[in-house]
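A, B and C label the chains in the order they appear, each numbered from 1.
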């Protein structure tokens, strides 16, 4: 079994004095789609922010392709090939749709993704390329956020609750596009509250509960009971 | 006729005030920082220009070639070494640190140059004038106004048409996510300050040609720049130009009525605008 | 053996400090009898700066209103003293009190204007107002216009008989001002209004949602502080005997130094300005010969303190030793039944 592309080695994360993650052990394998589920406040976003460098941790607690990145700066982590589609989209209000995509491409890595390909994937964005990014609908903004992350040609892309606040129809469309996005060797971590969707697109799943890993399993074999227990922390 | 003349002179003066204000506006736009030492940095640029003209024997406008990069460098180092550490939610640290900087710069200049008023000699440029109908316009004020317009146009172009400008806007919008785009925010802020001080350098040289200056006049320049920004509206560089013009016109009109009323007239115009339009005339962001 | 929990507002350290403080105050009151003329003047100056610093600290450290324009009221108070004694023939002590009242009154329209600004823009706005004050008073030729005027000798003589009596009176007024200001600030912060202030300082959004009227509280603090600052200003120029627009409204003298005192001593604490004033005058007495270098050192120290130890000297001590000499908080103590 080849080494995982990303490994969390007993990750602790703090907000000031408050501890949000307790010794999280987790690995992402090259080319796989990994789902992370858990209730609100379980620590999912904290975990992604730690990985991307927005939260500082001990260096050894996070390793990417064998390199310790726990305390690396976020712009350095981005340069190494990790991209994030942040919770709540978080587009840049002062930038137009196209400028949001272009700034995603600032990290200049080799790969198939460019402006043309993003527009082919999400044609509606090309129509609205000059508009203020905040004038788009929720679903369209999500497309921009995803496109922005893809523009850097990452090796590992992390989706933080992309279905939050979106109509079911839109969510369905976005998840339909996911395999086309992630195919071609890109690894993906999908953080979701919608368990069904998460399991449907992923090969493995972790569950977080109050800052700890409460379940690790294969998406196709894990049972509803196991998930319920892990999700709610019931013995 | 006097009145029309005052109007025109005031408008041209407004160009200089807009230059004072542009750097201030830029920094606030990018990092929400208000630099109390801004006026003193304008004066510093004037003194650097003076030393350059004396040491190299060149015309003050040629000194720009030396002073602009020098001030830009100072700005970058200042931001990364000191000001970056004051950024955050609390307004006290940047305020008090830049206040301390103001005192240091003023007294360093006093030590280096003494309190004697100085002025740069631009030769024929200072007295040359152009006739426009019944009016006589000084070439220097015209040039200053033209430079102000060019600088603001340049800054607008930088902000809205270049990758650097995108980086500025993105970092100003959302520091965290901007970093995910591979932007080193410490470096971005450093570049913003470098750009602001480059503009400040131009303002300082033009100030030093136009009037005599001494280490203590920084505070007054800061206030003019600040008033121009508030009158014009935050976050709008062209608005800042308008603000500068309004301030300049108010001052010159006031001076026409009574020479001792020049500064007061400007402040009153500012207070009136503050009373009726607290966000300025063309605001883009709220304070 | 059962234990009860007691809530107390004081601590042993505070009690000791109170006793020591009372002793020191008594000694200070007696100063005209044991101190020389120059020392008396210096101490008077120290007390007035302490008063200014405590007031600025209340404004910035507690109400979050960072003003670099309080010199407006210092100068205003000074000019009111001169105007009221010279033109209205009022006795100086009455004029001083009235100057405070007038200072508070004029701060109301000022606040109405500048409260429209926020943060650092508010700060510069206060500076602009001070400039307006300076320019306006420079136009009043009856008070000397741009070059200023002196306090007529008969007014000075009317205060007390003999030079040493007058100097003692000046000194006691300064000491009194410092004591009153510090006590007033302490009592204000101990009161409900003070609790509101501390809440606003700590989290403005949360306090607003709890029903604390932010605007009114800040406005109240601004007006009171400005009035008291005007009184201190009147006392300052009573000592100086001469006033001019540049001296009255000097940013350096009445704002820069005050800010340094508060920052170095510890902003947002009552003890801070006291410590800061002591440090400031120690530095001044040892370094003042160096003129501009002294000011640069001051600026540098303020910057370093703000970056490395933003709580100031007292904040550091308080944090390290959990000390509070002016009891403001609530402490939980055990009291045992015998």
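What we mean here is this: a residue touches a chain if its C-beta (ideal position, glycine included) is under 8 Å from a C-beta of that chain, and two chains touch if they have at least 3 such contacts.
Here is each chain with its UniProt name: B = Amino acid/amide ABC transporter membrane protein 1, HAAT family.
Predicted model, so just to flag it, every value in this text is computed and none were measured.
K.L.:
Mind having a look at which chain is the central one, using mean CA positions?
P.N.:
B
K.L.:
Taking each chain's centre as the mean of its C-alpha atoms, which one ends up farthest from the centre of chain B?
P.N.:
A
K.L.:
From the C-alpha centre of chain B to that of chain C, how far is it in Å?
P.N.:
Measuring from centre to centre gives 33 Å for this pair.
K.L.:
Take the average of all CA coordinates in chain A, do the same for chain B, and state the distance between these two points in whole angstrom.
P.N.:
Roughly 44 Å, centre to centre.
K.L.:
Cα centroid separation between chain A and chain C, in whole Å?
P.N.:
Computed value for the inter-centroid distance: 54 Å.
K.L.:
If I count partner chains per residue in chain A, which residues reach a count of at least 2?
P.N.:
In chain A, nothing touches at least two other chains.
K.L.:
Which bits of chain B are touching chain A when the two form their complex?
P.N.:
Within the complex, chain B touches chain A at residues 163, 166-167, 169-170, 172-174, 176-185.
K.L.:
Which of the residues in chain A end up touching chain B in this complex?
P.N.:
For this pair, the touching residues of chain A are 52-54, 73-75, 78-79, 83-84, 86, 90, 92-95, 99, 102-104, 106-107, 148, 152.
K.L.:
Touching chain C in the complex: which residues of chain B?
P.N.:
Against chain C, the touching part of chain B is residues 33-34, 36, 82, 85-86, 91-97, 99-104, 106-108, 110-111, 219, 222-223, 226-227, 230, 260, 263-264, 267-268, 270-271, 274-275, 278, 287.
K.L.:
Residues of chain C touching chain B in their complex?
P.N.:
Interface residues on the chain C side: 60, 66, 68, 113-114, 116-121, 123-125, 127-128, 131-132, 135-136, 138-139, 251-252, 256, 259-260, 263, 267, 292-293, 295-296, 298-300, 302-303, 306-307, 310.
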